[in-house]
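Each in C-alpha cells, the structures are laid out below.
Each of the two complexes below includes chain A, the first together with chain B, the second together with chain C.
Here is the complex of A and B:
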C-alpha cells in the first residue's frame, strides 16, 4: 500500500467518528444547546478566525507554552547531565528531586499567581516547573544507563575528558531523553491550558472559558478543537524531528 | 553492635536529605531575617503552624479526602476500562484498527481543554471532575496494557498451548500476568496525572478539595494557606506514590524484576 494512502486509512476511525457526530446531530439525537454539530463547530472556527480572536490567542498560548517548554528542556537536560556526571551535584539535587517529585505540578499555579501576578510570567513559570522534573529525571536516568564501554572506548581513543559528556554520553542518552521530552511536551500543553483557565488575560484557555460563559457553545467547541489540533500537531512535529535526530541509529 | 547499627539510621536519613534540610533551614532563616517579604514567602514555621491548625480543625483532612476521592475514583474507572480496552486491542485486529488511531491522537492532546464541555454535560458536582480524570488517565493505561500484552515471551505461549490451555485461559492466566509489570508501570504513570487533573478541576470548579483550598487562599491573600495547601498536596502525592510502590512489590512478588524504586 502506498504511503499516501496509509496515513488517511490509519486515521479512518476518527473520520468515521466525526461523521457520526454530524449525523447524530442532524438526526436530532444530540441536544443542540449543549452539543453543537460538527458543522456548527467548523463554522464557528472560521468565524473566530475571521474576527482575529483565534489566531491572536493561539500565538499568545504558543508563546507561553514554548517558552516554558524550551526553558524546561534546556535546564532539565543540563541539570540531568550534571547530576549524572558529578557526584557533588547529584548529592545536592537528588534529595530535592525526590522530595518534590510526588507533587502534582498543577498545584503550583496558585503559588505563581501569588508571586508573579496574572501576566505571562505566571503561566510560563507553571509550564516551566511542571515540565522540568520529567526532563531532569529522564536525562539523569538515560545518562547513567548508557553503555559504559562507549565512554571507555572514547577515553582510550584519546577524547579529552571534558568532551566525553557532550560527545559521547549525550548522544548515547538521546533516545531516552527524547521520550522524556515528548511526555513533557504533552504536559506543557496541559499546564498551559490549565493556567489560562485559572488566570484570565487572553490565550486559548481563557478563550474557551469566556466563550463558555457567554453561552456560545459552538465557539467554545471550536476553541477546544483548536487547542486539540495544536497539541496534536506539536506532537507529530516532535516525532518527525525525533526521527531525523535519531537517524544515525540503525 | 546493635547500638552501632541503630544510630547511623537517623544520621544516614539526615545525610541523604542534607540539601532538603539546608533549603528548609534557609527558608526559615531568610524569612525571619527579612530577606524575603513575609507575605510572598511566609516563614516555614508559620506555614507548619497554619497546616497544623487546619489539620486539627478538620479543614485540611476534609479537602485532602475530597481530592483523594475524586482522583481515586476517576483513576479506578480508567484502570478498569483501560486494562480491558488494551487487552481487547491486543486480542482483536478489528478493535486494534479502531482504537489505535484514537489512542495515538488522544495521547498528545491537552485533554484538560475538554473540562468546560464536561462541566456543560455533567454539571458542577464531582461528576465532570471524575470523568476528566478518567479520560486523562485511560490513555497511558491502554497503551501500556496493549504493549505489555503484545510483547509477551513466545515460549510462555507455546508452552501453555502445548499443555492444552484454552484461548480464554491463555489470555487471562498467561498473557495478563506476564504483562503485569508493564500494566502496573502504566498505572504508575497514570496516577500522578490523576492528581494533577484533580487539583486543576478543583481550582476551576471550587468546592471541596486541596485545589479549591489553595485557590481560595490566593483570592483572599492568605499566603500561609497557599503553602500549607502545597505541603498537604505534596504529602498526598507521596502517600499515593509509596502505596503504589508497595502494591507493585506485593503484586509482583513472584516476578524477577528488582522492585521499582520510585524516582531514581
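Here is the complex of A and C:
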C-alpha cells in the first residue's frame, strides 16, 4: 500500500465516526439542545476563533501544560537517576514514591489553589505533580535495569566513574524514559483541564466550563474539540521526536 | 617478571540468606607478557569472575592482582575487555563505538576518525561505519567490540567467552582471525571459555578450574604452534576434556542440590 494512502486509511474509523455523528444529528436522532451536530460545532469553532477566545485560551492552557510538563520531565529524570545511582537518595524517595503513587493527583488541586491562588501557579503545580511520578518511576526502573556490562565497557574505555550516569546510563535508559514521558504528556492535558475546570478566568478548561454553564453547547463542543486536537498534536510531535532520538532502535 | 600476577585471590559473596559463598578460592597464577592464556572450567566455577577481577570491575575479597607489579583497584584502558554479549553502545554507530575510547582520551576528531577507521578495517567492517549495532549480526557486533577495545591500544586483552553467543561457523572464523591478530601483535590475552577445543586452538596455556569453589585444578601447556594440524588440536582437546569432565559432572550435581 502506498504511503500516501496509509495514514488516511488508518484514521478512517474516526472519519466514519464523525460522519455518523453528523448523519445522526441530521436525521433528528440527537437532541440538538444537548448534542449539537458536527457542523454546528465546526461553526462554533470558527466563531470562537474569530472572537479571539479560542486562540488566547489555547495559548494560556498550553503555557500551563507545557511549563508543568517540562518541569516534571527535568526534575523527574533527575530524581529518577539520582535514585538509581545513590542508595541514600533511594532510601529517602522510595517510600515517598510508594505512598504517593496511587494518590489521584487531581485531589490535590484544591490545596494548590489554597496555597498558590487561582492563577497560573496552582495549575502549573498540579500538572507538574501529576506528571512527575510516571517520569521518576520510568527513569528509576530503566536506569536500574540497564546492562551492567555497558557501564563496565565505558569504565574500561576510560570514562571516569562520575560521568557514567550521564554518558552511559541516561542514553541506555532513554527508551523507557521516553515511554514514561509520553504517559506524563497525556496526563498533563488531563490535569491542565481539571485544574482549569475548578477555578480561574482563562484557559480551555475554564472555557469549556463557562460555555457549558451558559448553555452554549456548540461552543462547549468546540472547546472540547480544541483540547482534543491539542493533545493529539502534542502526542504526534512527541512520537516524531521519539523516533528521531531513538533512531538507533529501528 | 610476569606481566599479570594473581596472588592468592579469593572472592566471597554474601547470599540473601546471609550465607557466605566462595566463588573463587585462593587462586594464584602468573601470566607473562605476550602470552595467550585460556581459562576453562564448568559453568559457575568463577572463571568469568576472575576475569572481571583482573579487569578491576570486581574487588578481591582476599589476595591481590598486580599488573607490572602494581596492585589494580579499578579498570584501565590498558586492560581492554570484550564480553559474551558484546556490550556495544546501542545508541552509537559502529564508528561512534570504536571512537569512544579515543574520545575519552581526548584525541582530536580527525585523528580519532583515522585511528578508528584503521581498526574498523582491521576487523573487516569497512562500509558499516554509520550502521547502528542492532542492524548487525552477532558476529559483526563482536567484531565492533574487538575494534573498540583494540582502538585504545591496550597491552592486555580480557575476553569473557567472546564467541559463546555466536553460531558455530561464525565462531570458527572469528577464532581464526583472533589467532592471526594475536600472532601479529603478540598482546597478552586472558581468554575465558567453556569450549575446550577453542582454548587449545587459541592459547599457549590452558588453566583448568574446578567446580565451585573455583580453584586451579591444573595448567596445561598446549605446545602447539601456529601450524598445528587439526588432529593434534583434537587430541589435545580430548585430553583436556578428560581432565575437565569430572568437574563438569560435579558442578551439575551441585546445581541439582541447589548449592
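Points to keep in mind about this one:
Note that the second predicted complex is superposed on the first by the 249 of 250 C-alpha atoms of A that agree within 3 Å, B and C clash if a C-alpha of one lies under 4 Å from a C-alpha of the other, contacts with A are read in each partner's own complex, and residues count from 1 in each chain.
Quick note on the criterion: a contact is a pair of C-beta atoms (placed from the backbone, for glycine too) under 8 Å apart; a residue touches a chain by one contact, two chains touch by 3 or more.
Small disclaimer: the values here were computed from a predicted structure and weren't measured.
Taking chain A as the reference, the larger set of touched residues comes from B, when chain B and chain C are compared.
Once the two complexes are overlaid on the shared chain, A:157 sits against chain C while remaining clear of chain B.
Looking at the shared chain after the overlay, A:103 reaches chain B, while chain C stays out of its contact range. With both structures placed on the common chain, the touch criterion links A:81 to neither chain B nor chain C. Using the contact criterion defined above for the overlaid structures, shared-chain residue A:249 touches chain C, although it does not reach chain B.
Contact with chain B, but none with chain C, is seen for A:198 once the two complexes are overlaid on the shared chain. In the superposed model, A:184 makes contact with neither chain B nor chain C. Of the two partner chains, neither chain B nor chain C is touched by A:72.
Once both structures are placed on chain A, no chain A residue is touched by chain B and, in the other complex, by chain C.
Those residues of chain A that touch chain B in the shared complex are 10-14, 17, 34-35, 91-111, 113-115, 137, 140-141, 185-186, 189-190, 192-194, 197-198, 204-205, 208-209, 212, 217, 220-221, 224, 227-228, 231-232, 234-236.
Listing the residues of chain A that touch chain C in their complex gives 147, 149-150, 152-159, 161, 168, 171-172, 174, 247-250.
Listed in rising order, the residues of chain B touching chain A in the complex are 16-20, 23, 40, 97-102, 105, 107-117, 119-121, 192, 195-200, 203-204, 210-211, 214-215, 217-218, 223, 226-227, 229-230, 233-234, 237-238, 240-241, 262-264. Of all residues in chain C, those touching chain A in their complex are 52, 55-57, 74-77, 79-81, 83, 85, 87-93, 100-101, 104-105, 132-135, 148, 152.
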